[in-house]
Amino acid sequence: EEGLVFAAASTTDVLQELRPAFTKATGHSVVLALGSSGDLARQAMAGAPADAFLSADVARMEAVQKAGLVQPGTRVDLLSNRLVVVIPLDSKRKLVGPESLKGLKRLVLADPAIVPAGVYAKAWLEKAGLWKDLAPQVVPALDVRAALAAVEAGRVDAGVVYATDAAQSKKVRVAFEVPATDAPRIVYPVAALTKGKAPEVGLSFVRFLQSEPAKAAFRRHGFVVLAPDGGESAK
Amino acid sequence: MTDDTTGLVLFTVTVAAVATLIILPPGVAAAYALARWRGPGRGLVDTVLALPLVLPPTAVGLVLLELLGRNGPLGRLLDAVGVEVVFTPGAVVLASAVMAFPLLVRSARSGFEEVDPRLVAVARTLGDSRARAFFRVTLPLAWRGVAVGALLAFSRALGEFGATVLVAGNIPGRTQTLSLAIFQYTQLGQDAQALRLAGVAALLAFVAVYATEGLTRWRGRRVRA
Amino acid sequence: MTDDTTGLVLFTVTVAAVATLIILPPGVAAAYALARWRGPGRGLVDTVLALPLVLPPTAVGLVLLELLGRNGPLGRLLDAVGVEVVFTPGAVVLASAVMAFPLLVRSARSGFEEVDPRLVAVARTLGDSRARAFFRVTLPLAWRGVAVGALLAFSRALGEFGATVLVAGNIPGRTQTLSLAIFQYTQLGQDAQALRLAGVAALLAFVAVYATEGLTRWRGRRVRA
Amino acid sequence: MSLELSVRLPLARFALEVDVRLEGASVAVLGRSGSGKTSLLEILAGLRRGARGRVVVGGRVLLDSAAGVDMAPEARRMGYVPQDALLFPHLTAEQNVRYGARAGRPSRVEEAVALLELGPLLHRYPATLSGGEKQRVALARALATDPALLLLDEPLAALDVTLKERVLPYLLRVRDEARVPMLYVTHQLGEARVLAKEALLLEDGRVRAAGPASEVLGASARGLLASESEGEENILEGMLERPSEGGTRLRVTEGLSLWVPDAPELPPGTRAAYAVPAEDILLSMGPLSGVSARNVLAGTVVGVEGAGAGEAAATVDIAGTRWVVRLTEASVRELGVASGVRVHLAVKTAACRRLR
Amino acid sequence: MSLELSVRLPLARFALEVDVRLEGASVAVLGRSGSGKTSLLEILAGLRRGARGRVVVGGRVLLDSAAGVDMAPEARRMGYVPQDALLFPHLTAEQNVRYGARAGRPSRVEEAVALLELGPLLHRYPATLSGGEKQRVALARALATDPALLLLDEPLAALDVTLKERVLPYLLRVRDEARVPMLYVTHQLGEARVLAKEALLLEDGRVRAAGPASEVLGASARGLLASESEGEENILEGMLERPSEGGTRLRVTEGLSLWVPDAPELPPGTRAAYAVPAEDILLSMGPLSGVSARNVLAGTVVGVEGAGAGEAAATVDIAGTRWVVRLTEASVRELGVASGVRVHLAVKTAACRRLR
């Protein structure tokens, strides 16, 4: 049987890698619909026949759950991600900590008004007491990928993106990681949904994502895998 | 994401072609009506038709999603008759069609406005009903405008992204078009792959442009010395 | 996001108008050249011009970003003269202009193709140089096509989202257009706000359509009985 | 076929107001440039939406705005040949000609194509046709529809004389044999005389004169239309004879025969009509001999009237036929031309022009 | 002004191949429909790109494809009046007329507007102009540019006779007073005779005849062009006299004066030209009296030749002027018309048509 999985765009790579493994393990197959979590949530609520939903933020999952679309007891906080500050590969700049961002002319974030990555970054900077100073320098980008592209093109001095994104690019390097303690917890919840055509495939996929081989894959791609209790499991 | 480029191209072209063909009759009719009708309310109709062009595609996508969603007025109707649109290839066609419609209408309309009404009048004296004269004189003479409109519509349908991704999702092998695939590759930072598909898109554009070109030139040569 | 709707509208209209005005001269020139020139390589030029229409807007945005990047060919040039484009209002204009260009060219071109070359020939015998005849006869007669092209371009510029958001960012008060604001509201789930701005966009479309309408009708009346 | 026109149409400088009743078999429409001729034809064809009033053609009510009747152009069966041809630019000449052809009537098309010399043009598109070629195609296109009434707007204006001389008799045949009535706009009094039984003279949108061609095309048309070199003609119909001494004679009545230009191609017995311009006739008080005019006809003056500008017209009865002879008032005075006087008319054969 | 044409242009059914040298002051271009007249004018105007060869007008080389010369249309100063007017649809009649007007030459425009009766049309757009109105605007537009050569493609075809009679003399004035040479396409031999000093007769793209109008428009044009009712004319120039007994006389030479139609508007002493059709003259072997022809002229036959179809032409010398008289071969035989014979010619005043 074939299920339809909605997943945040930032998990595209790893999920594609896991797809054949899932089929091998369960005999079921899934089709992946990838996009921004906000769009996906909205689509699910509009009646899209999704069997599982991997969201890049909690709020979207909450909304879907409130609409009564989540199979009870299937929602799990699956992954976490880390924010990193990236600079162009050829940049001579030395950035060591949040304070050093003040010297930049332009800092790109995924739009902090709407994109989770940007929301997290803004929260981090606010916590560090820097947001007021940095706000004028901040360029909001369409999404994380657009932020990364702006850095790649050398059009901004630095950007805040997910570690997973930074790992994919050969044109940027990581200046420093945002310590997990300084930033809000970034959570990717997953759940099986009810209004799909193959809810049981959704369920088995959600289970599969929590299996050891899946976890290994997530880690390889730079994700932090969260323990079933919500705590951080070893890297 | 599938790497079956052929399948992707076939799907994309089919969807764009179907969308264009679907909007052709109502688009040409609307263009003709707007070109000839001098009544009130014309500006309003005109504006409504222009909206998909002026609004951000995602907004159009959202409106479509609302309309066709489980609780939308059209969605309920479609549900009742057991037709699913959202997240099917049908949704891709629909989104492309809506986005392409204004381009077709505008262009076709300027084609109709160029037709000398006296030629149509002569056709009437030669025994043509209004409808026959339309198909035998008006339409062939407005041909260039209609063809350009169809080409613009087809191109837009080929490239449509914002509305499609909302109403149809980005489901490889089911609703993913070339445009969505390019978007996905760029999202993944796989620029080489994105570029490859962009090249394919360019090729498609080339074929479309050439075909229209050929058609209009063929007719053009006959009309002018 | 600013809630200064007036500022937003003013900015959006200004940007779209500037983009349209900027592409008007090269667009009209390209349209005319394509309409008259029967040489080889025409199909190629034609296709390149059609690309922004066929590619997903975000892909176009990425290409622009690459071109304007510090290592991009254009970026280096602009850097050398100290001009910044990316993430400035200039980038909004640029992205809109690139996306709108093919619409202008296609439509204007079909306008030029409708002009009876014999009328231009007569203007020549009446003492007009090629250039003068172009401005006194060809352009006024191709008027409808050019106007429709400009309207399509302007509308597209008003509504452009995908390319703009990549090259210009979504900076409230600096690069945020109506389209980007609508997108933002929809992403936030604030549909009422999004709808309100969509209404404003519709109003803009209405004005644009009406203005073009008025212009073409005014000239149209003179040309036909 | 009767023609009842009572219409009003506002135009740029005046309103076209026509109120006439005609037999309608063949009507010449004349008038100065811009007097409303084309407009009138287009009202008949149903192409001028603003027209109000009543149009009845052969009993069929085409327009009756009071009764809310406005027949669609395609139902009117008017064969309209516009002044500027208006060929369909996207169709070949042949496709243009056949555009409105009725099935089962192919002969009309072939005949028109042959007579209008369209053969070599059939595969061409209008863009490369010459002015006269376009006009001929437009004429063939209208004829091919087997119309109830032909509306011809200066159909021969761009044709050379040789073509005109083939097309005119052809139109006459269409009129008389196929019994297709026609309205014919022309600036050439000669053409009008040949084709028309009735005439309608427009001036600034109003009917200046309407009725039998012979009346309308006479003196009243002159001021408005005719050049001084054109004028009244005496129209003679009769049967051709070929006397043994050679040449061709037209036998008009028992007592009147005329030498006409030799026409060996016409078999004796053919009926024919000739026109003799009133000013080409020489009037002599005494018998004439030794003159180059082969026709010297004796008759009696039955009327003399001044025609203005020092000119006069004498009406002469010859064997029951009436002849108009143009001469100067000075001659009338000097010669004493008056009713009852016996005169001789000298008519050169070259002055006799065959009409059909 | 000289005209040197040696051009070739492939057309649909044949190639236009013209190789003539003309004085060029005023040339009538004649030929059947589709014979290449319009194409020739467009080559001169520089509008047919495919034309090869040499075109020299008044010493200026407009085209010399061997030398790579192809002057731009706007540099040629050709006043082209297309057959189908081709007015600019987006401009008013007035804007059309003034389109190419040279600064400092406004009088030409005003004169043209007045004479072509364009006043009431000036503010209108071409879409609502009648056929003749369009043609007049096109004529004014060309005249307003002060052209070096006028190229007129049937400019009077859509005009009524009254207008024609005003426009023709106006064109003559343009030709003679403003010294603007012209090429004039027409199907009307009459128009050609009035306007042209030379003529060019085309047939299927080739020059059938070219040279002085009197020669070309004679017998050779007949077969191709003329209707039987049209033919040679005797052109007489002289000074008008107004004798005390009334009427108007044309004094051609010492020994030759003619009564012509009364023209009180022309002051005595005016120079004028008249045409008398050869077939309107009656030839008599004896003196004539009591006839309605006021002009009876004595002369001597200097030649007789057959003109085919039973017709003949006699050339008669009267006081040193040569007259052509048309008569039938039967008359020649019967009357014994031959060289050296004294004859009288009767010419009705009505047969004398004033040319300018």
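For clarity, chains are labelled A, B, C, D and E in written order, and residue numbers in each chain start from 1.
Convention: a contact is a pair of C-beta atoms (placed from the backbone, for glycine too) under 8 Å apart; a residue touches a chain by one contact, two chains touch by 3 or more.
Note that the structure is a prediction, hence the values are computed from the model and not measured.
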Joint neighbours of chain C and chain A, given as chain labels: B
Chains in simultaneous contact with chain B and chain D: none
Per Cα centroids, the chain farthest from chain D: A
Most contacted chain pair (by C-beta pair count): D-E
Between chain A and chain B, centroid-to-centroid distance (C-alpha), Å: 35
Chain centre separation in whole Å, for chain D relative to chain C (CA means): 60
Whole-Å separation of chain centres (CA-atom averages), chain D against chain E: 25
Where chain A touches two or more other chains, by residue: 39, 42, 149
Multi-partner residues of chain C (at least 2 other chains): 58, 62, 116, 224-225
Residues of chain E touching at least two other chains: 128
Touch relationships between chains, expressed as pairs: A-B, A-C, B-C, B-D, C-E, D-E
Residues of chain E touching chain C in the complex: 42, 45-47, 72-74, 76-80, 82, 86, 88-90, 99-100, 102, 125, 127-128, 141-142, 145
Of chain B, residues touching chain C in the complex: 42-44, 46-48, 50-51, 53-59, 62-63, 102-103, 106-107, 109-111, 113-114, 116-117, 144-145, 148, 151-152, 155-156, 158-162, 179-180, 182-183, 186, 191, 194, 198, 201-202, 204-206, 208-210, 213, 216, 220, 224-225
Chain E partner contacts - residues on chain D that touch it in the complex: 11-13, 30-34, 37-38, 83-84, 120-121, 124, 128-133, 136, 153-154, 157-165, 187, 189-190, 224-231, 245-247, 259, 261-262, 279-280, 282-286, 288-294, 309-311, 325-328, 330-331, 335, 337, 346, 348-351, 353-354
Chain C - residues contacting chain E, complex: 116, 118-119, 121-130, 132-133, 136-137, 140-141, 143, 219, 222-225
Residue ranges of chain A touching chain C (in the complex, touch as defined): 36, 38-39, 42, 63, 88, 106, 108, 111, 113-115, 139-142, 146, 149-150, 152-156
